[in-house]
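Shared between the two complexes below is chain A, which pairs with chain B and chain C, respectively.
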Partner chain A sequence: MSEWPEPAVDYVQAISDTKLVLGHRYAEWSLSGPSLEDDIGGASAAQEEIGHVRQLARELESQGRDLDWLNGQREPEAFSNAACLDSIEGTWTEYVASIAPADRAAWYLLDAIDRDDLDGLITKMGEDEYFHLEYHDARLETLAEDNPETVQRTLETTLPQALALIGPEAYDEDADPVFETGFTDRPIAKIRAAYIEHYRRLFDGTDVSLENVDWDQPALEDWDETRRRTGSGSISQTDVEQLRGEKNKLFTMN
Partner chain B sequence: MSSARANAAESVGGGQISEFVERRRADATPFERELWDMIDEIPDPHIPVSLVEMGMIYDVEAIDGRVTVEMTYPCMGCPAYDMIQNDINSCLSLTDGVDDVDVEVVWDPVWSKDMLSEPVREKMRKSGISL
Partner chain C sequence: MKYEVFARINQGDDTTHIGNVTAQSDRLAKMYAYNTFDEEDWNYLTVVREENLLEVTGTQPKREVAAGE
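Right after this comes the complex of A and B.
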């Protein structure tokens, strides 16, 4: 397997960590949905995200990352997940308006990867993500009718955080280091534009206004390019312990 | 999502995919065919057909006692991910002429229902699985 450019390894690490925490959040909330269908959908999405992480970990390991480290043997601040997944407080509405922007952002980053040896892997993940994203959008639309204030308030926080995962606007085709290496086929600025346009269209004509969303986030000077976020927040120590599955070792089959 | 990737699996689907698996098996040496037949006895833990019938086995190669099985999964998050690989390993490791087994998971081509032959589809329909 050929060696990736260093910025590309961090890029994939952030996608993988986002999926790892996303799978955890799906699982945590899979008994809290308003209907059995929502719970089953959440559990299924959790399983798929963990499947994606398993394969991304193999790829990252082949690029020199330690498998135990990848699987959670690190401090909370060493995770590069989308900040909107650090903790989710509130109701199922806040939950959906937190995971949906993160899942879509991770997929857009993944879909931009342009490597023949990863094409089948990403296509397969895309088959799963198609249903995740369709489901999220459908749910956001119904929640925009039922509880527009909460959706709007949550998105004003989570959309800029998901945009930070994607990267700064300044990373156009002349400045994006991952695009420059040829690892991706479109620069961050283009991914952001597609992402922002999607959510503007989704909520157009609903009671949810995205007028107060800070679409300019993250500022390049404040952005941590390894963790793909601004600020020093992180998941909790309890989250890390659960991700490691230490208390479940008794049930390990292999 | 980009439609290019979403449609990629379909664009190489149909007969091309099942032919891909058949071609790999047809190219096997007599010893490799024996190994294919042994894997064909391992049941899919979720569906009442074998791993080979499910189209999950892409290639079996034996060189000087070292066997490499190339396989895929219909579901990336398969809860039986390790169990299936262990089954293959356990099954082949006990065979005369096999010193070492390496199971390699691949995603190209992407698995689809087009991997299922008509007799396998019929078997699944009889078991109450709709396709």
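Right after this comes the complex of A and C.
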């Protein structure tokens, strides 16, 4: 397997970590939905995200990353997940308005990868993601009718955090280091534009206003290129222990 | 709204009724059907609003009782 450029390894790491935490959040909330169908959808998405993580971990291991480290043997601050997944508090509405921006951002980053050896993998993940994202949008539309204030307030926090996962506006075709290596087929600025346009269209004509969303986040000077976020936040130590499955080892049969 | 769910496994098979879902929108109903009836790799899966089913025969008896009856 050919070696990826160094910025590309961090790029894929952030996608993988976002999917890892996303799978965990889906599972945590999969008994909290307003209907059995919502719970089934969440449980199904959790399995698919973890499946994607296993595939991406194999790719990252081939690029020199340690498999135990990839699987969670690290400090919370070493995870590069979208910040909107660090913790989700509140109701199921806050949950949907937190996971949806993260899942879409991770997919847009993945879809931009332009590598023949990853093409089949990404196509398969895209088949799963189509249904995740379509479900999120369908749910956000109904929640925008039922609970617009909560959706709006949550998105004002989570959309800038998801944009930080994608990257800074300044990363255009002349400045995006991953695009410059040819690992991706479009620069961050273009991915951001498509992402922002999607959410503007989704909520156009609803009671949810995105007027107060800070679409300029993240500022380049504040952005951590490895963790693809601003600030020093992270998932909790408890989250890390659950991701490692440490307590489940008690039930391991030899 | 209630939606009836129809599917077939292979092209050329009969499309049969496999269940129903209740959803707030057509878009959500499609996703509910996809996630809930995932026991097969369907060649075709579709939802129909119950109100759009045009009965030809076998009209169901009215279950509700109107005021004054």
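We adopt the following convention: the second predicted complex is superposed on the first by the 249 of 254 C-alpha atoms of A that agree within 3 Å, B and C clash if a C-alpha of one lies under 4 Å from a C-alpha of the other, contacts with A are read in each partner's own complex, and residues count from 1 in each chain.
The rule is short, and it goes like this: a contact is a pair of C-beta atoms (placed from the backbone, for glycine too) under 8 Å apart; a residue touches a chain by one contact, two chains touch by 3 or more.
This one's a predicted model, so the numbers in the text were calculated from it and none came from an experiment.
In the superposition on chain A, A:47 contacts chain B only, with no contact to chain C. In the superposition on chain A, contact of A:111 is made with chain B only, not with chain C. Once chain A of one complex is fitted onto chain A of the other, the partner contacts of A:131 are limited to chain C, with no touch recorded for chain B. Once chain A of one complex is fitted onto chain A of the other, the partner contacts of A:122 are limited to chain B, with no touch recorded for chain C. Greater residue coverage of chain A by touch, when chain B is weighed against chain C, goes to B.
Of the two partner chains placed by the overlay, only chain C lies in contact with A:142; chain B stays clear of it. In the superposed pair of complexes, A:222 makes contact with neither chain B nor chain C.
In the superposition on chain A, A:35 makes contact with chain C only, while chain B stays out of contact range.
Chain A has no residue lying at the interface with chain B in one structure and with chain C in the other. Every residue of chain A that touches chain B in the complex is listed here, in rising order: 47-52, 54-55, 58, 107, 111, 119-130, 133, 253-254. Interface of chain B with chain A (complex): residues 1-2, 5-6, 8-9, 75-79, 81-83, 86, 105-111. Every residue of chain A that touches chain C in the complex is listed here, in rising order: 35-38, 40-41, 44, 131, 134-135, 137-139, 141-142, 145.
Chain C contributes residues 21-25, 27-28, 30-32, 34-36, 38 to its touches with chain A in the complex.
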